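In the two complexes that follow, chain A is the common piece, with chain B as its partner first and chain C second.
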Partner chain A sequence: MAEGQVIDGIYFNEVWEDAGLDEGTKKLTPEKIEKVINKVLEGETGARLKVYVDTCVHCGLCSDACHYYLSHDKDPTYAPVAKVKQTMWEMIKKKGRVSPTFMKRASQIASTQCNVCMRCAMYCPFGIDIAYIMSVVRRICHFLGITPLYIQDTAHSHAVTMNQMWVKNDEWPDTLQWQEEDAQEEIPTLRIPLEKEGADIMYSVIGPEPKFLAQLLYQAAVIFETAGLNWTMPATPGWDNSDMAMYTCDNEIMGRVKRVHFETARRLRVKKIVMGECGHAFRSIYDRGNRWLAWKMHPVYVEHAIEFYYNLLKSGKIKIAKKYEESVTLHDPCNVMRGRGLYEMARYVVNEMCADFREMEPNREHNYCCCAGGGVINCGPPFKMTRMLGNRVKAEQIAATGAKVCISPCHNCHSGLEDIVSHYKLGVHVKFISDILYEVMEKPGAV
Partner chain B sequence: MVNMESWDWDTQEKTVSDTNGWKDKFEWVEEFQASPDGEKVAAIVKTGEAEFSVCVNGEAWENTFDKCWYLRYGPDGRLSCIVSSEMEWTVAVDGQAWDQSFGYVMEVKFSEDGKNVCAFIQQDGMYGAAINGEPWENLYSNMTNFAISSDGQHTAGSVQTEPMDEGDIFKFQSGIFTAAVDGKAWDKTFVNVWNKAFSPDGKRLAAEARMTLYDYTIVVDGVPWSEIYSCVWEPIFNPKTGAVVAPVKVGASWTLAQDGKTMWNRSFVQCWQQIFSPDASRVAAVVAPKYGKWTVAIDGEAWHSIFDDMVSDMVFSPDGRRLAAVGKNDYDYSVIVDDTVWNGTYDMLWQPVFSPDSQNVAIRAEKQGRQTIVMNGKPWKQECEQVWDPVFSPDGSKVLIRSIEGGRYIRRVLPTTELTG
Partner chain C sequence: MHGLYNFVRGPLAWVAFILFVGGTLYRLIAMLVIARKKDNVVFDYFSLFYGLRSIFHWIIPFANRNSRQRPIFTIVTFAFHICLLAAPILLLAHVLLWDESFGISWWTLPEGVADIMTLIVIGGCIYFLWRRLTQPEVKFVTFASDFVILAIVAAPFITGFLAYHQWLGYKFWLILHILAGEVMLVAIPFTRLAHMIYSPFTRAYMGSEFGSVRHARDW
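Presenting the complex of A and B:
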């Protein structure tokens, strides 16, 4: 349970069992910890970390930015700066001479009590990026082999299959083919064009879509077909734009997965990549993974689904038959809102589709994180309550809108919000934009 | 190699097929594929309710299938397609399905001469490869990174050698992956094995591997290099000496290593896609000399022309003295040859093609939805709905251009001088 407990002289604000952390910690030695910490600090962090650490005046102005801190009734251990204090400051101060139990807590804090949402950086007078510092902690934990089990397994999946869900090479094209067949019942001319070299657009999605959410592939195909676009999907690895290795800070695997993604787009000679409604995947191909590979920007233009739908509606390529009647609110996912500024486009899309849109407060770049992102939901069932207890403010925010539907144009947010809605019994449905768009759009080709 | 001498290099222009009529014949016509000699144009077509086939020059194959995908001409001009009948999948070559069918076929690769057609297959939930329909004796519970030798007589994959329960991160980290060649796995296992390259004679195999979660190296025939790197990219063989060359990350920067020893005295922010010149005297790679700045380096010397987004599609001239590649800034692709960027940018460029005498470079290009051939920086006067890669005649005096114009598939043989002006 989420009771605080002192273990080996280290205070844990929550205690959960996780084999990745528990077994990994058993194998640690003080020498190995010291070596790895110093190797990462000296070899990889440079001036950025030093400036952040030297500049922080411990004022605590970042505290109220963090949904964990607010949801835990301002328990100081959840304040952003406290997360640094319990992890990186000690490592630096002690020159890496910290205990295995200290490192276990550091991993738990960095991996499950910070969504690397970057909200706090907006409230710090110096713009100190605590998410970055937590990523450095995760990087150290990666080298030490103390990453929570579920997300580590997901990183392994990326490493083998280049996708998030251990989807094998045949399962992906096979799934697209039966989605195509299903969708042809509705629109007989519909095609999901595989490996069409020279198409204008490569559509990429995240691993869970073929595994659990195949209806999203169906909906996307209907949207592409109706808009009359020249598009394709690769039949090879490179189709998945997601990246949990980014969140375990296994940067080498992150880079490998992103390289395959962009080289697949180049192989297919497409002019742009359109990606489904995912936030962290966008961050991985638009910010972290591409940059680790030395691409300053995305080498092939990447358009997030929000921008894609916006352009389709604005240009009239997709028309709305009848607006959605149910009251809706919109969750602003950190990675595409704070990270990319798509908030006004998202509002345009929602207002075009829906008759009754109600804003959450605060919203846009000030929105509270879903508490699932940053890899936290991918740490799996052992940490589910960390997310539930750590995001009461989100539940309150949604409830205050009175909306019956919460639109979330991000997979992690979507799954995280479904858990929040059910835990706090909000009676709200969580939907992707495409769920509603598919429902309300004109489909001239449908029989 | 393919014998191009026998191709028709005399007929200046002919409409091979008016594809406009195909749409009247079939309710569904997919994208066109042109044969290497330009004599044929083909597409997957729907011939009836849930019935598909392949149309070549207006005539459908006699055999029909429940599904067809990945239609491609091999280098010898035979046409292959992945096809399905009664829930089984196989490859059909010129309309004739292989005798053996599988649970699924997910990739097809051709030998350089096109004689061997190799497929990445799944059978009863097990994975492996098949050459001309003949599958490996041993299949594996998982396989990725399918590779073939240049003569197509050998196939390889990265395979899982032991079962692993879902989420068993400890078992995974003990190393349960390796490479399998012609169905036989290497003895030594690794945490991961990725891209592989066969030696030119097909007898040896090199692969990228991860020994622990963070120790990378190159493995040749199951034996890892003694050096460990923080990351590596795909290896290639020196076509003359048999040495293995791969990009490796040392500290924060990338360079090329040969057989485990640093090969270049320069390092870069990024370095990949290395290729040897045909005589193996030079090696080139795409490099980022500075963060976000891309160019080509030959034998470690970076070119001066820089692109912000990327450089790709490098190719050496047949004499090994020249090199062409594609670079991109923002939305604009350009051709770069011998460190000189051609005038003119395009919305899309394919891979440059050198003439046999290494004097001319031609490329398939697209601008504002129209495609053409650009030679030595000068676009051909004709703009088309689609063109395919240009092909030089063996003596380099002529260029074969395959195009679709107003729905007609046209085969042209033009004097090279007409394009160079």
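Presenting the complex of A and C:
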């Protein structure tokens, strides 16, 4: 870890090597920066940005909302408002005439020191949306070609394959078939229906599931089979609901990816899309992508896994055989809790499944971010320590529950929490809801 | 001295009120026009019910988590803002001026109460100044303009207090007081004091997003 240092007159609170940032910055010229900043500010922002900047009274009340700020012993450079000061205020004040090094720091802040979790919007008395301002900064960095390398690669994957992980068109049905065959050893009647037009539900997942979390597809198939649902998965691109282009603010790619996803659901004439336990994908389908495509809300109803499991348990389509004994706590992912208010449903599901549920403090909308979401974990190994040092409060919050298992119904949170658990040696297992549900549910069809 | 008094009390007051009202209307209309043109999303998602729900949770002390976490700040800021608005509007001397000029008047505060409220505003300014100078998260985002704005707010109350108590020359403090009040009025639409104009809108918009789209609470 490099300590904070001043480079070309710009203060960096952390210094890491990242090819995307380092090489990208070398190619910048002051003229290009000025042109891009003004193009974005004039062409893409309006009343919101202007009013947010003019309304902020620099009171600092948003500080305590941020896990980076709290975890760095209240280092003021990590406070939400400080991130705006070090990026947008300066760009506006200088009318875009800022240095390449300034932009490198701006990209570092917006892409790796902010998870756009929107907790600070709940602490600002005026409701100023700092996550939105950071997204505008990311958008500028995207046009300037100074997005961190790993997440840029992921955005490229979306652009080329319409999925996050460079999964090829034949690998996808292949993986499903492999999971289907495995699951048939447990439930012989089980199928993973592909391309079934007129099914009630299209189930969509994120790229990493077929890539290295294939057991989640297995578990989902068991849940669908047991509940007796009429469901399908697409065999074509459009199966992946994830969207890192949303987080690099490459909105054009985000729009393409979401359009393919929705059009696939329409082609299959399903009544709704059910999606796996992922937060950012939900945000992209429910909040950002649909808006970019000028749909006020999602054009096909999208049900997050939490709501899906809730309905299954509530209606008795899935029954619990024996409750999970180990003590569990629940991490509230920003995109489905602050973003969709599923916290009570999540608690119902957890309480139905588990005998010993312990709340984290604070919880629900006020839960601390995982520090992995918002594309930060997707910025890859160069910024792993940014996440570890930036989220000590999460480790403390989990440890205080004394629970042995931390349930995280979101992929980014899940991976981020696993890193935190191992870095801070918490000895806690991180699990998805489906991991436990699969384990404790009745499976009448099983042999 | 008397000519100067007539000038600040007469034409200059007109100028200040016209700039305040005109500037406020200008900022509001400009905001709505630019929102209509470039941020239509704001209107699409706006919800009066959820907007008001959010505003209520933020204009009532301790009705949101952040204000419970910071009890001292909450008490100071609420006392400050209430006194800042109420004292000048309900001050007997001010209402007499309205009566004298336009023949309109309304209920006024007992003078002793107004005096205490003035001190609360000045105390609030001192507290905010202390925060800006000592609290790292505030200091880091403080600019010279923040001190100027604080001074603009404090000045009418300090000079008004001195004029009322008639220490060291009533007329002198009175003229300064009127001038300071006029500066503050004009500053409201054209500085970050514009949060007075904008904050109901930003709050209501965030409340709308949280209420009708996110189905979550924003307090």
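As a convention for this text, the second predicted complex is superposed on the first by the 446 of 447 C-alpha atoms of A that agree within 3 Å, B and C clash if a C-alpha of one lies under 4 Å from a C-alpha of the other, contacts with A are read in each partner's own complex, and residues count from 1 in each chain.
The rule is short, and it goes like this: contacts are C-beta pairs under 8 Å (C-beta built on N, C-alpha and C of every residue); 3 or more make two chains touch, one makes a residue touch a chain.
All of these numbers come straight from a predicted model, not from anything done at the bench.
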Touched partner set for A:K296, first chain B, second chain C, both or neither: both
Applying the touch criterion given at the start, work out whether A:A82 contacts chain B, chain C, both or neither, answering first, second, both or neither. second
Give one of first, second, both or neither to describe whether A:P125 is in contact with chain B, with chain C, with both, or with none. second
Is A:L61 in contact with chain B, with chain C, with both, or with neither (first, second, both, neither)? second
For A:E359, is the partner it touches chain B (first), chain C (second), both, or none of the two (neither)? neither
Under the contact definition given at the top, report the residues of chain A touching chain B in one complex and chain C in the other. 296-297
Contact footprint of chain C on chain A as seen in their complex: 45-48, 50-52, 54-61, 63-65, 69, 74-77, 79, 81-82, 85, 121-123, 125-129, 287, 291, 296-297, 337-341, 343, 362, 365-366
Could you list, by residue number, the parts of chain B that touch chain A in their complex? 28, 30-31, 67, 69-70, 103-104, 106-107, 120, 122, 127, 142-144, 146, 160, 166-170, 172-173, 177, 191-192, 194, 210, 213-214, 216, 230-231, 251-252, 269-270, 272, 288, 291-292, 308-310, 312, 328, 331, 347-348, 350, 366, 386
Given the complex with chain B, which residues does chain A contribute to the contact? 19-20, 23, 43-44, 142-143, 145, 149-150, 152-153, 156, 159-162, 168-170, 173-174, 177, 189, 191, 193-196, 198, 235-237, 250, 252, 255-256, 259, 262, 266, 269, 271, 293-297, 299, 301
Please give the residue numbers of chain C that touch chain A in the complex, ascending. 31-32, 34-35, 37-39, 41-42, 44-45, 54, 58, 64-66, 69-70, 73, 131, 135-143, 146, 192, 194-195, 198-199, 201-203, 205-207, 210, 213-219
